[in-house]
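Each of the two complexes below includes subunit A, the first together with subunit B, the second together with subunit C.
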Partner chain A sequence: MEKLSIILEQDKAAFAPRETIRGTIRWNLDAGIRHLELSLFWYTAGKGTRDVGVIETRRFDEPGAVGWKDFSFPLPDGPYSFSGKLISLIWALELTCSPGSETVRREIVLSPTGHEILLACANESER
Partner chain B sequence: MRARDNPFAAERLQTVRYRPLNTTFDQILVHLRELNYRGAIIGPEGSGKTTLLEDLQQMLKGKDVRTRLIFVNDTARFDSPACRRLLAELTRDEIVLLDGADLIRRSDWSLLKRHTITHAYGLVITSHHRGLLPTLIECSTNPALLRAIVSDLLPRGHPIPAESLDRLYTRHQGNLRACLRELYDLYAQDHHV
Partner chain C sequence: MTGMASHGSSDGGKPASVAGRLGLTLFFLLFFTMGSLFELFVVRAFWHTLAQRTWKKTPCTIVSSEVQERTARDAPFAWAVSYRYTHEGQSYTNSGYRRNDEASGSYSDMQRLARKYPAGRNAFCYVNPRNPDQAVLTRDSLALGLVIPFPLIFVAIGIGGAVLIWCRPAAEAETSIAAGALRKSRKSKGKSRYLAPALFALFALVGGALAYPLGIRPITRTIAAESWVATPCQVLRAEVCSHDSDDGTTYSVYILYQYEFRGQTYKSDRYEFLGGSSSGYRGKDRVVEQYRAAAHPICYVNPDDPFDAVLKRGFHAKLLLALVPLIFLLIGVSGLIGVLRTNSPAGDGATLPPLAQRPLRASDEADLLRVEGSGRAVLAPKFSGKTKFIGMTFGALFWNVIVLVFVASIANGFQRDNPSWIGLLVLLPFVAVGLGLAGGAVYQLLALFNPRPTLELSSTVIPLGTAAELSWSFSGQARRIDEFTVTLRGVEEAKYRQGTSTCTDRNTFHETELYRTSNAGEIASGQVGFVVPPDTMHSFAAENNKILWSLDIHGSIKGWPDVKESFPITVAPVAG
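And then the complex of A and B:
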């Protein structure tokens, strides 16, 4: 069993704006964990420096060494998940524990189409 | 290619740490101690000065030494009020790590240099030129270093010919940052080298 895991309801990983994301976190850690934190956020990747927007963080104090917990987050209107040549915007859930360096990240897509929006450069769209 | 898949994306470049040439990290730390923790990392653009300063911070943290890392660049100015704020906050057990000392006004630099002698544990700067503080290390690059870094960043089985990288290195006059940015653009356009 993984030390930390994020399981999404029905394994669904693409969501429309304002939809609610539901799932379960599971942990199997050494004793002495003070808290777990589950964050919903987006970040950018690409040529420039990284930008991050944390939407919400839930903290679970004194979780014990082993356990599980259901969660749900209402998603905002945006920004949408997208990728161009210079920048990608990626949504994710991340579970961390303290103390410790264990972490797990689960990427999701936030888009009205259900898919990451792919940006074409001006030259390509003219072809 | 999507930005997130580009092997030369910024977050991947962040994983590339300083690789000492003709020295070791231990020797750098010994020399820093000999300089009473006041020294300059010298080198041209894209030679790894900032990366080494960041790595130095981690090494000092590992030895329970308090550090304060300050980046000065075109978007993060270090004006006189910022300088005075820093001096007011400084504690004697801290080493100030200042990236971009060349960009500070001469009067602010004089104040910072003087003040940190008695009010800080040390001062390590990066600079393009000698003379601001005794030289801790002079950063340099070579074509083999670029080849090694690129090899680490690229997926296995997709090498870039060494001659192409050597030409890139020459064109950018040894500026590895510029080389890696150009490689990002080439991969973004799917025009691999």
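And then the complex of A and C:
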């Protein structure tokens, strides 16, 4: 069993704006864990310096060494998951524990079409 | 911790290598060492100053007192004094004016001291009770204590930098994006609260410290000297002094003159209120020659203190330099006021920064994305014509003034038969950029006389996949425009660090020409309907990454700058 895991309901990974994301977190850690944190957030990747927007964070204090917990987050209107020539915007859930550096991240797509928006290139990139 | 969201950025770059960290550590250790040495020096000097406060005030008699000429260029005169005093029944003679420091400087200042302490006068000196051989006429100023905190800034930078280099959890930031962003958001809240006020305070402090000696004093003295008495004088010595430094040789005018005022004879060596030296020999040589040739040039004497005199009074271009510290002071004080107002709870609502520049709250996100705008909106251009002109003019002035200093220096070399061809070659590209900027300023000036467009959109916010209507009209001579186009444009913009500079890359991902006409009537005013594509990205603005939508208009005018304006619009997610 993995130390930390995020399981999404029906293994669904694409969501429409305002939909609710549901799932379960599981952990199998050493004793002495003070808390777990589950965050819903987006981040950018690509040429620009990374921006991160944390929408919501749930904290589970004194979780014990082994356990599981259901969660649900209502998703906002946006920003949509997209990928362009310079920027990609990725939504994800991230579970971390403290103390320790164990982290698990599960990427999702937020888009009305069910796929990330692909931005075409109208002309050459200018600098 | 629900209901809150944070919004931050991380460079996401590779952590510095061990060699890189060692190099940076050495750099910061240098800061630490220099700061510590300077701090030790200042604290030691201040300790001696404090110790002087325990020295015993003792009556003394001035034995001799005279102004002596020295060879030092910056302090050509010294005041030689000796005085006699008695301590615990034993007689001593001393010549110290200050601790470790003889009195030296301009003739006027030395003459003033000689008059204050003439031979035979009874005065007071301060005697070191532990070593009665040691005495001074004046004790060091306690103002030195104000300098103590300054080297600590370097010490703190040195320690802080070195600690940060080795304590930064770079690897963790890579693996844990959300937790890293939350941490960074909390940290930056604290940092931004103090960093800007500290910077502005530093500006104000430097400006304030320099404002009096370099700014206020020369200006007030120049004004005061308008009422000083014009008095014929005799030039005793006149020469151009040269001062060698790492940046080359600079020159100053030195004239020692003697004048009579109310039956007494005085000497002074003040030429003008703003001292210092600068490049350029010929002008100063001309001044010196003029004074050498003059039989009785006029000096201006302060009637309240006849030691005070000057040869050149009145406002001149060099006095403008006195404004530099005042500009520093103004920037610092106005910046501090602005920052404190922004940070204060009362001002928070009125001066909220854009969404991308502060941590997002859940309500912000909703505000950003909710489709509310149903009313018509008059669009504002990204940059107005005036802004472009002022920006370009300031840019051109700033660049060209700096380049001009180097041009003058090189031209000076050519005039003095010491041409620097390599310097000239290096300078040429900078001159070309300066000319380009000047041309740009002229272009923007001409563009100010273009017909001005007003754009009105049917809705302040347009959701993806919905229709909107744009109407336009021109004030001014719209018939000068030969062809007119309106384009809907979507651009991704990414900002990133490269070395020490910040770069911004843009890529146009959507471009639709909405309207094109050569008809004068349609150019003067018209309207066009359009639909924002449903399968693209809405407006998005984070600190470093943005999706920007705009309506761009282009009106071409023959033989004149074109009408080119970009009007940002907000495209929202699909209305649902």
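As a working rule, the second predicted complex is superposed on the first by the 122 of 127 C-alpha atoms of A that agree within 3 Å, B and C clash if a C-alpha of one lies under 4 Å from a C-alpha of the other, contacts with A are read in each partner's own complex, and residues count from 1 in each chain.
Just so it is clear, a residue touches a chain if its C-beta (ideal position, glycine included) is under 8 Å from a C-beta of that chain, and two chains touch if they have at least 3 such contacts.
Since we're looking at a predicted model, the values are computed, not measured.
Once the complexes are laid over each other on subunit A, subunit B and subunit C cannot both fit and instead clash. Touch criterion not met for A:Val66: it reaches neither subunit B nor subunit C. In the superposition on chain A, A:Leu86 makes contact with both subunit B and subunit C. Of the two partner chains placed by superposition, only subunit C is touched by A:Ser101; subunit B is not. When the two complexes are overlaid, the chain among subunit B and subunit C that reaches more residues of subunit A is C. When both complexes are overlaid on chain A, the residue A:Asp51 reaches subunit C alone and has no touch with subunit B. Of the two partner chains placed around the shared chain by superposition, neither subunit B nor subunit C is touched by A:Ile7. On subunit A, the surface touched by subunit B in one complex and the surface touched by subunit C in the other have residues 45-50, 84-87 in common.
The touching residues of subunit B, when paired with subunit A in their complex, are 1-4, 6, 9-11, 181, 184-185, 188-189. On the subunit C side of its complex with subunit A, the touching residues are 1-12, 172, 175-182, 185, 356, 360, 362, 365-366, 369-370, 489-490, 492-497, 503-511, 535-538, 540, 542-545, 547, 572-574, 576. Considering their complex, residues 45-50, 83-88, 90, 118 of subunit A touch subunit B. Residue ranges of subunit A in contact with subunit C, taken from their complex: 17-18, 37, 39, 41, 43-59, 76-80, 82, 84-87, 89, 92, 94, 96, 101, 103, 105, 112-113, 117, 119-123, 125-127.
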